[in-house]
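I'd like to ask you about the structure that follows.
Chain IDs A, B, C, D, E and F follow the sequence of writing; residue 1 opens each chain.
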Amino acid sequence: MTKHAEGSCLIRMGDTHVLCTASLEERVPPFLKNTGLGWVTAEYGMLPRSTGTRMRREASAGKQGGRTVEIQRLIGRSLRAGVDRVALGERQITVDCDVIQADGGTRCASITGGWVALRLAVNKLMKAGDIISDPLFDHVAAISCGVYAGQPVLDLDYPEDSEAGVDGNFVMTGGGRLIEVQMSAEGATFSRGEMDELLGLAEKGVAGLVAAQKAAVEG
Amino acid sequence: MTKHAEGSCLIRMGDTHVLCTASLEERVPPFLKNTGLGWVTAEYGMLPRSTGTRMRREASAGKQGGRTVEIQRLIGRSLRAGVDRVALGERQITVDCDVIQADGGTRCASITGGWVALRLAVNKLMKAGDIISDPLFDHVAAISCGVYAGQPVLDLDYPEDSEAGVDGNFVMTGGGRLIEVQMSAEGATFSRGEMDELLGLAEKGVAGLVAAQKAAVEG
Amino acid sequence: MTKHAEGSCLIRMGDTHVLCTASLEERVPPFLKNTGLGWVTAEYGMLPRSTGTRMRREASAGKQGGRTVEIQRLIGRSLRAGVDRVALGERQITVDCDVIQADGGTRCASITGGWVALRLAVNKLMKAGDIISDPLFDHVAAISCGVYAGQPVLDLDYPEDSEAGVDGNFVMTGGGRLIEVQMSAEGATFSRGEMDELLGLAEKGVAGLVAAQKAAVEG
Amino acid sequence: MTKHAEGSCLIRMGDTHVLCTASLEERVPPFLKNTGLGWVTAEYGMLPRSTGTRMRREASAGKQGGRTVEIQRLIGRSLRAGVDRVALGERQITVDCDVIQADGGTRCASITGGWVALRLAVNKLMKAGDIISDPLFDHVAAISCGVYAGQPVLDLDYPEDSEAGVDGNFVMTGGGRLIEVQMSAEGATFSRGEMDELLGLAEKGVAGLVAAQKAAVEG
Amino acid sequence: MTKHAEGSCLIRMGDTHVLCTASLEERVPPFLKNTGLGWVTAEYGMLPRSTGTRMRREASAGKQGGRTVEIQRLIGRSLRAGVDRVALGERQITVDCDVIQADGGTRCASITGGWVALRLAVNKLMKAGDIISDPLFDHVAAISCGVYAGQPVLDLDYPEDSEAGVDGNFVMTGGGRLIEVQMSAEGATFSRGEMDELLGLAEKGVAGLVAAQKAAVEG
Amino acid sequence: MTKHAEGSCLIRMGDTHVLCTASLEERVPPFLKNTGLGWVTAEYGMLPRSTGTRMRREASAGKQGGRTVEIQRLIGRSLRAGVDRVALGERQITVDCDVIQADGGTRCASITGGWVALRLAVNKLMKAGDIISDPLFDHVAAISCGVYAGQPVLDLDYPEDSEAGVDGNFVMTGGGRLIEVQMSAEGATFSRGEMDELLGLAEKGVAGLVAAQKAAVEG
């Protein structure tokens, strides 16, 4: 996608388009110095006119909003769950997820596309012989969900999402294990049964995303 | 607890102590003006020496960290899930949760104690005849959980929490419905079975918290 | 390019790619209220990995750097030079220029592509009958230049640019009049003769850009 | 008061309650490195609803206000006046003063309570043998004063304080020497005679506070 | 001094030079709207190379330091003590005190010179007939003091000031009443006797400053 | 001008007065460490009442505006164009330009006066034997220009400047070579002919400034 990044991926899920790049640095944050462990972190941003109404640029507002901070922490934590940090060695990979066009589900697209960028950057390191054993032991992908018009549904687009009283995100591995479950209700509640139903749908959805990741990497 | 606030509560869960106050204002945020709807919001802070090692004061750092922002958004969303905003009317209640001493589970203690402060402030409004129909239709309480030493456990204290690869929080109503489920793994994953087991434990734990809330309010 | 913006354009000049969007608002800045005059302004940003080495995200740094501020003021001033603000009427168009990939000359690409986005947004307004007389009385395009290895050259790419002791930018109208001339030397100087030679080259270069703008708008 | 701090004290003066904690660090600010001298510093904050009307949280405002900065500089300077920094050795003690409930005189309560927290932290160091000679050579305590309804009075509560045209603070040692005198008039003036009278009252007031400090430390 | 300001004064006390300007605005801060009362406020700054070693510019540091905030609050409070805010009427005068060259005592020079600028601005208002009754009922001037080498001394220059264990400032009216007394000890203490002696010296010093103010205003 | 700075100059061009100081530090920015090269940089500020209407102090606004940043980058770049950074050696000179009174052309006055301060500071270094070969190989001076009432004119004062549709600045060496050309039109355009005419005028104007610089340095 971009000639400079060690790995990159433009993911499109419906009308949501996110550019994900992976940048490698041969240094780690201070708390990891001399531990032999690597680090994977993420940053997230939206272009001002990625949305229906222009948003204020966070750089000119002078800080990242609470939503941005939450999302980039989620992306980083999710990707790290699939990384063997000993095998990665003392280096850092920063995954930037920049939303070019938004129509719901940007955080899940960022995780899924971010993993592809990370995979490509790691492949480069392995090809160059800088890493011997593969630090990515499984795929990581994510899908959004919600209860919309009384029905559990996956992959809400923006109009559905903004009307759903309950919405959430499931981050899973290629092997079907859970990394992160976030379900939240705004002015509403949900039952264990509804949650189980969504979880079942999500397992199927993630399987499809993992297949798409494989295709993208082999590309 | 404090003579100024419309409602207040000092919650102690183990060695975690959080001072929760509810402040009433007869105005709402701009997006709610002239809608007839009320608002409940929350802010969260930790005293610098609430922890084993002194933390830098966020006011002197010049901004709230990502963790603080995440937590206060969670508290606000959780409390709102139990509020009938039409019945509340066009007024705002801000719940401040300030951690005096921390030993794990501060966000869950904040939600549980914050609800008591909110309840007391609303009681005052009802007694004064400013509100006719009770806007709090159910209790809201929260409990932390994790997989520690291979075992699902509730209510982790700090040493357990920092070693748990998987940790989470369940926010529920008095009636046992779910408001928020957050489970996340840092460098680890978990199965649906483990999640179900935790959910079962949480249902019992929350029942106990709701009983304690009742005692506190009547107290 | 993007489904939300009133006008948009992805300009590629060599390996420099800039996404330009034009956003319309039916309000003007306070200093123009009730004057009947419109406003065109611009913002500029670079994606963190648009460059060879990842740059710190300005939103997380907490402010826009001096270079960013300079560039976005230049873009806005340049575009306004081709706008009849009476004909535009009391509305504002914000042109966002976000660099996806950088290889020199990003400010000139932003002006040239930004004009296309602006043109498309204005066309929309005219089609809808919101504007009667065309407020864009001429094309605006820009080209970078420098003295490289003793030779005046146009359109430096990054390796040339960073070695040029003298570099500059010419912003011109379709009719060949000047809007902005910026030539600056870092640890060097230049003669009137060298400047004239560059100006001659620039006139030819801008003519080519204007032709490309026409093709893009009609496209 | 709190299990984590090296020393702590919850001081109540009338309806003013301040939690003071002393935190020890085995390092000093850069300007004291390798001088053999220690440092005592202070930070001050008010919980948002410590006051009659909720105040904006300084952490969310993004900076400490002028009043906060003034007060914490005063507390630090006052406590240092009673410390032998050679005997303390190259270590730093930070005294945090957080106002839980405010009703006038919070800066004086912070100094008086802060000294108790400092005393307890130093006692711990001496017990552990880390310090041989006691660095606290005298008590430090403070009392607020004002001219209220034409009468010099000590220890104003909030309604008195906000009506006093002249108000001030005296910081003294246990031995009755002065550390800090701050008297200021807002839209008013005062005579030398009034000042002398207040000083006489303050000497008696501080004697009482010192007795209370002794009881608290031995307590 | 400067052609734009309503009143201005360049005060030199020893090697300390401060440019004071008074700026008039026909509006008051929100808390005074429709009260009929005026406001006088002050801001203080030091040019980066007003001192022996260049200081970082506060505008580039992104905030005013604690010392700056303290000083400008003191200047404003002091000047207001000599102002009849009813007679001033609903307008604001901002006194800017910018230190061109510093050699101790800048806050006292700012108050003394600031009063002259204020006087000149008020004279202009009176001459124009915008104010009938003089709102400045007395002079306001200030002098710094300290205990240096065991001796109470007035008007310390920088080398003396930085070695004085006790230093302070007295702000007084032309009639000899006190407006502000600030005495503080850093790592030292002082007796009532020493304080009295300083106060006696200050009374004489201020009388001289008031004479100089008269000369400047008539000048 | 000021007793502390290594070099200083108060330049008056019409009613524009700028205080320029040069501060020497025996260290360079990180990117120049161990390169043997020196650095010259500049900062710019306006006193709040240097203008007809009081401006907000940038230190209290919490950041330098875009105009300030642009100007100080221009001053630094211009001065560096006349400096042999090898001859300067690994040290930094910071030129502060503070506008005491403004009436148009402050950036040009800052460059011209800043060069004098720089010259004086370098002279001091050479006299002390810290520098052998003169690092300032030519004068640097600047003049503002514009097309006012259809006529190219130099050295606009503020009323002219704010009405000129085209305005610019020429920075030149004593030898007549160009360092920086900035011409910009706001809502207007200009021809090559107009530009040439201005350039001719500027050459004459700069010659006069260089003569004045010589007089000032020889003082």
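Keep this in mind: contacts are C-beta pairs under 8 Å (C-beta built on N, C-alpha and C of every residue); 3 or more make two chains touch, one makes a residue touch a chain.
Keep in mind it's a predicted model, so treat the numbers as computed, not measured.
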{"item": "Shortest walk length in steps over touching chains, subunit A through to subunit F", "value": "2"}
{"item": "Most distant chain from subunit E by Cα centroid", "value": "A"}
{"item": "Chain copies touching (subunit E, subunit F) - same or different residues, decided at half shared", "value": "same"}
{"item": "Most distant chain from subunit F, judged by the mean position of its C-alpha atoms", "value": "B"}
{"item": "Subunit B-subunit D separation of Cα centroids, rounded to whole Å", "value": "33"}
{"item": "Approximate Å spacing (C-alpha centroids) for the pair subunit C, subunit F", "value": "27"}
{"item": "Touching two or more other chains - residue numbers and ranges from subunit C", "value": "62-63"}
{"item": "Chain contact graph, described as a line, ring, star, complete graph or other shape", "value": "ring"}
{"item": "Successive chains around the closed ring, taking subunit A as origin and subunit B next", "value": "A, B, D, E, F, C"}
{"item": "List of subunit E residues in touch with subunit F within their complex", "value": "2-5, 8, 15, 19, 21, 23, 25, 43, 45, 47-52, 54, 57-64, 68, 94, 96, 98, 100-101"}
{"item": "Contact set on subunit C toward subunit F in their complex", "value": "63, 66, 69-70, 73-74, 77, 80-81, 83, 85, 168, 173, 177-192, 195, 199"}
